[in-house]
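Across the two complexes that follow, chain A remains constant while its partner is chain B and subsequently chain C.
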Partner chain A sequence: MISLAGRDILHAWGKFVFTGIGLGLLIGVTLSMAGIYRGMVDDAQVMLDNTGADLWVVQQDTQGPYAESSSLYDDLYRSLLDMPGVEYAANVTYLIMQVGHDGHDVSSMVVGITAGEPGTPGQPRHLVAGRHITRSHYEAVADISSGFQLGERIRIRRNLYTVVGLSRRTVSYNGDPMVFIPLKDAQEAQFLKDNDALIQQRRRNAENPAFNRPGIPDLLAAVNASQSTNAYVNAILVKLKPGTFPEDVAEAIRRWKRLQVYTRTQMESILMDKVIDKSARQIALFLVILSIVSAAIVAFIIYTLTLGKIREIAVLKLIGTKNRTIAAMIMQQSLALGIIGFVVGKITATFWVPIFPKYVLLMPLDSVAGFFAVLLICALASVIAIRMALKVDPAEAIGG
Partner chain B sequence: MGGKGIHIEGLKKRYGEGDTAVYALKGVDMQVAPGEVVGLIGPSGSGKSTLLKCLGAVIDPTAGRMILGDEVIFDDGWKVRDLRALRRDKIGFVFQAPYLIPFLDVTDNVALLPMLAGIPNGEARAKALELLTALDIQHRARAMPSKLSGGEQQRVAIARGLVNRPPVILADEPTAPLDSERAMAVIRILNHMARQFETAIIVVTHDEKIIPTFKRIYHIRDGVTHEEVGEGRGFE
Partner chain C sequence: MKRLPLQKRTLALLAVVIPLFALFVYVGLRSGPLAPVTVTVDTVEVKSITPALFGIGTVEARYTYKIGPTVAGRVQRLEVQVGDRVQAGQVLGEMEPVDLDDRVRSQASAYKHAEAALREAKARQVHAQTQAQRYEQLLAVRSTSEEIVAIKRQELQIANAALSAAHEDVTRAQSDQEALVAQRSNLRLIAPVDGLVSSRDVDPGTTVVAGQTVVEVIDPKSLWLNVRFDQIRATGLAAGLPAHIVLRSRNGQALAGRVLRVEPKADAITEEMLAKVNFETQPEPLPPVGELAEVTVDLPALPTAPVISNAAIHREHDQVGVWQVRDGDLHFTPIKSGASDLAGYVQIREGLKDGDQVVVYSDKALTTHSRIDVVERMPGLAR
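Moving on to the complex of A and B:
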């Protein structure tokens, strides 16, 4: 038996190809949306991977440092180093900032890190160019997606930093490039006031009788000095000795240091369930809407194509064609349209993904799932046309 | 009749029930021998199309008896289970417009019926080509229907109607869209094919040009047929 669907498609190939291209662009958008979600998840995981930490120690009763603010004294890490199972502990600060570059700002996550061996927690793990930070001030390592160049001077608040190294895939959970700077600079940048604000603050302190007591001349100077420095960090990243159970060490820190501690699994859960959850649900809703729109378009196209063949279908039924042959013809056309659309969509998505400003990750398994989803949608979308075709009375082929 | 052709006795068709019941066919008697071409004529609303649909097994008669070839197919109810197979294997159709499948070439339009009956593609196409040759249109075997003239399309439609060698062909106004010359050519072909393949052909027509060509004519009026001897000119 010849393929009626195949012959019809070959006969009207232009109509099918152009309709398939239109559908394919829609499928391309759908695949890209799935890729954007995957990219967000990957960004979050990469951010956690890049810290090199096994535990995140943060302020008690907070879910910092990514989901909410957290402040810890910057000398706490020393006491953690004495805890059993802890190999390394390092302070870290995270600041979402606009980093000035070449006359415009780049939205970045500025990470304050302590000097240490490459590979210790907080340090950028792999550089693609340049070197790690070796000085205590005004050096930066930036993610390559920031557009910064080696040797370039970038502005963070009032200070200029020299880019000494470039890293790749060191991004925040929302895809912003990370810029690593020395911890002290980051602490300063976090609460750096302008000159007018400093004068105002000193005037207020001088007029405050609690700070400017007669007979204690150094008190005011001490208060001013304490307000000009920042002794806080957002989190302490802890690397454990091999063979240590993270939850055991975490429990000990919670109990004896009275701090909040998260393991890698818990931190990942906070990012997925709290930080990117709304964006993920938004994308999921988009995917559902796009799937419905695709189904509606396929259904409409197949319905219209079938409507144009009513007389032929009546003749086919009159000359003895089985209902299942006619149904198969319509469904095969719908599936063929879906396959053309998927191929076009996959190709276009692959080509346009690199120009997206955020990381888009097209997973092969998503494509496979997408392919079967397209086939399912096309099969379901053909049902309306099949119902109409099966209702066609073969007597319509006979006049009168 | 010798058990061949088609034989109809007291065929009735009622639409509606009770007070609203209308009899479109009130007891049609008709018989057409193998190799014979008869005309079925009548005014609009006389029941021609209803009779054709009953004969074509696309609507259910209310009562009566129909014998097709050697087989009683209706006797106050259908006696065959699969009407679709009956239409495919035992009844050929030729329509007012050819209604060829536009996405199949001429050969496959004709070969489709045997293919639907389960005959392998190659064999089905060979049967189709044989008929196309008999109808002198084999040179257009690979052409698409849209490339054919009206007369050529109607010849392909006749080939499609004949390809499964049905005992009866129902032709519904087969010459309506054609000019006199082509209309007469179609009738000539139908007569020739009827004799060659021992097929009974019923031609429903309004076409004054072709009515004189029938040896026998059935007039249908108010759901009842009356047989009449026609002039039968031209095709002996």
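Moving on to the complex of A and C:
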């Protein structure tokens, strides 16, 4: 038995394939949009993964360090080290800032990390070039998406840092590249005002009679010195001993150290529900609209294709072809169009994904779901065309 | 003959569809989460490394002299400016004496008055002495009464006492005068050593409290660096080690130095060790006190051992180790690391041997189930 659909496709295969490719580009956009949503969620996940932490200890009554600002004394980690179940605790600071490079600024998240052997919480987990930081000042490991090269000097506040290593997928929750620098430098960068502000601050102190007292000549210097130090960090990353329940240790720290503690699950839900919630929902809504539009367009294409061969269908009817055969032909064509469209869409999406400025993650499961959604939409769309085809009066074949 | 056009069309269709599907399969397997992780591997080498320590410090003067008055007063004159070289003993300035000069003159008069009183007392004593002798002789020939002689003796004793009182008065007046002169000269601000004026905190006319610094003099030959080393990276810091000093204002120019001493007290708050580093030769021009400097201290070269880059070391669960490639499969090998140098090379004490292949760079975090694609150089890097 010959395939009616196959015959028809072969009859005008160029038109059919090009329609499929056009449809494919549309599906590619939809898949990319799903990828953008997944990428956004993955950026948040990967930021948490990269810290290597089991617990985040932050300022009491805050949801820091990502959703809110939080500051803790930098020697608090010592008292956490002797809590039962804690294997390692490391200070960390986060600062979103513009890093000067080659005459322009790169929006980055500067992360201050504690020195220690590789694998200390907070440090980048794997590099793609260079090495980890070995000096306790003025060295940086940057994410490759920042565009920095090994050996380049970048400016953070007033100091120049040498890029000694490059990492990949170390980004903040909104996709900015991270730049890792030693903790002490980061504390300074976070706190240090520009030179003009410092001088104005000193002048203000000098003009304040409470600080500049003739009888106590050293008081002014002492006040100035005390105003230019920073002993704060944003969070303490805690790594637990194997076999410890995170919630047990978290509860002990909350109770006895009176600090806020988040476990990995809690941190994730803070990021998802509070930090990226709106933009993720925005993308998700757009994805839904795009899917509906794609479905409508597929329906129109199938409808127009059928409309184009209305005379042939009338002839088929005239020679006594069964309705089922005609319906199957239209349905098969529609599904074939869907398959070509999906294949083209998947390929194009994969090829244009790397040029997106932010991370786009195409999940295999999304693709599988997308494939079945495309087939379903094509099948539904063909129903309208089939209805029309069946209503055709065989007389049209002769009447014209 | 009739089938040929159909065959042609079928072939054309297949020519489009088959590459499309092949591309689809390739894309599905080579990108996204299913794609293999690109890694580079490196061979463990046995070699010697030279660890070094890195710290930052500020230029400080070993000897700083803060010169100011010992009593409260007003600065009368100040003859030196910042940057002047001064000699030991040179007068830098003077405090206002207020009434001290008048008091010195008054004391000089008092001294002269005491001297005059001494002369008077001497004259009285000589006269009393003569009188006493004369009456002794008269008594010997019985020409006077014993009572009168007794009176004369007493007058002599009184005159003697008055003389010694006058002597003491002169000494007192002299000492008082010397004290005032000393106080007067104490108002001068004098350089204790040869040095350089590093600050001039007040100007003439300013009232200062006792002990307040008016002029600061440093000994430029005694410039050294107060360097801070993170305690976690200060293993092996000791006196006598050679150091390279890069001043912030002279970037790219390394000056030779040497660790003079490691402070017995570390900074407990900042978790840093402190050390003093000397310049081997005084840099010219002298760096300003307070300038920031980066100091690299060279430690002795270590005996040879297996060495890898620190980028290869990872922490999995509670173990530190490296990913090794054996027969195309990934294995996590726990290691014990030893000393490391500033170029990022780490000595391996346990776990690896010469010639082992370890993963250095990877596109993603690795797991034992990761499929890997070993390349010479990570893609996406410049050059």
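Operating definition for what follows: the second predicted complex is superposed on the first by the 372 of 400 C-alpha atoms of A that agree within 3 Å, B and C clash if a C-alpha of one lies under 4 Å from a C-alpha of the other, contacts with A are read in each partner's own complex, and residues count from 1 in each chain.
Keep this in mind: a residue touches a chain if its C-beta (ideal position, glycine included) is under 8 Å from a C-beta of that chain, and two chains touch if they have at least 3 such contacts.
Source: prediction; values computed, not measured.
Q: Quick check for you: in the superposed arrangement, does A:Lys358 touch first (chain B), second (chain C), both or neither?
A: neither
Q: Can A:Ala397 be said to touch chain B (first), chain C (second), both, or neither?
A: A:Ala397 contacts chain B only, not chain C.
Q: Which partner chains sit in contact with A:Gln149 here, chain B, chain C, both or neither? Use first/second/both/neither.
A: second
Q: Using the touch definition from the top, say if A:Lys322 reaches chain B (first), chain C (second), both or neither.
A: first
Q: A:His132 in the overlay: touching chain B, chain C, both, or neither? Say first, second, both or neither.
A: Second partner only, chain C.
Q: Touch check for A:Gly116: first (chain B), second (chain C), both, or neither?
A: second
Q: For the overlaid complexes, name the partner, chain B or chain C, with more touching residues on chain A.
A: In the superposed model, C touches more residues of chain A.
Q: Between chain B and chain C, whom does A:Lys15 touch in the aligned arrangement: first, second, both, or neither?
A: neither
Q: Looking at A:Arg254, would you say it contacts chain B, chain C, both, or neither? Reply first, second, both or neither.
A: Neither chain B nor chain C is touched by A:Arg254.
Q: Which chain A residues come up in both lists, the one for chain B and the one for chain C?
A: Common interface on chain A, chain B vs chain C: 10.
Q: Can you check the complex and tell me which residues of chain C touch chain A?
A: Contacts found on chain C: 6, 9-10, 12-13, 16-17, 20-21, 23-24, 27-28, 31-34, 54-56, 201, 207-209, 212-213, 229-230, 232-233, 269-270, 294, 309-311, 313-315, 317-318, 320, 337, 340-344, 360-366, 378, 380-382.
Q: Sort out for me which residues of chain B touch chain A in the complex.
A: My answer: residues 48-50, 52-53, 56, 58-59, 84-89, 93, 95-96, 99, 101-104, 108, 112-113, 115-117, 121, 144, 160, 170, 172-173.
Q: How about chain A: which of its residues touch chain B in the complex?
A: Of all residues in chain A, those touching chain B are 1-2, 4, 7-8, 10-12, 311-312, 315-322, 325, 393-395, 397-400.
Q: For a test of understanding, state which residues of chain A touch chain C in their complex under the given definition.
A: Within the complex, chain A contacts chain C at residues 9-10, 13, 17, 49, 52, 75, 87, 115-120, 125-132, 134-138, 144, 149, 164-166, 168-169, 182, 184, 214-215, 217, 231, 241-242, 340, 343-344, 346-347, 350-351, 353, 361-364, 367.
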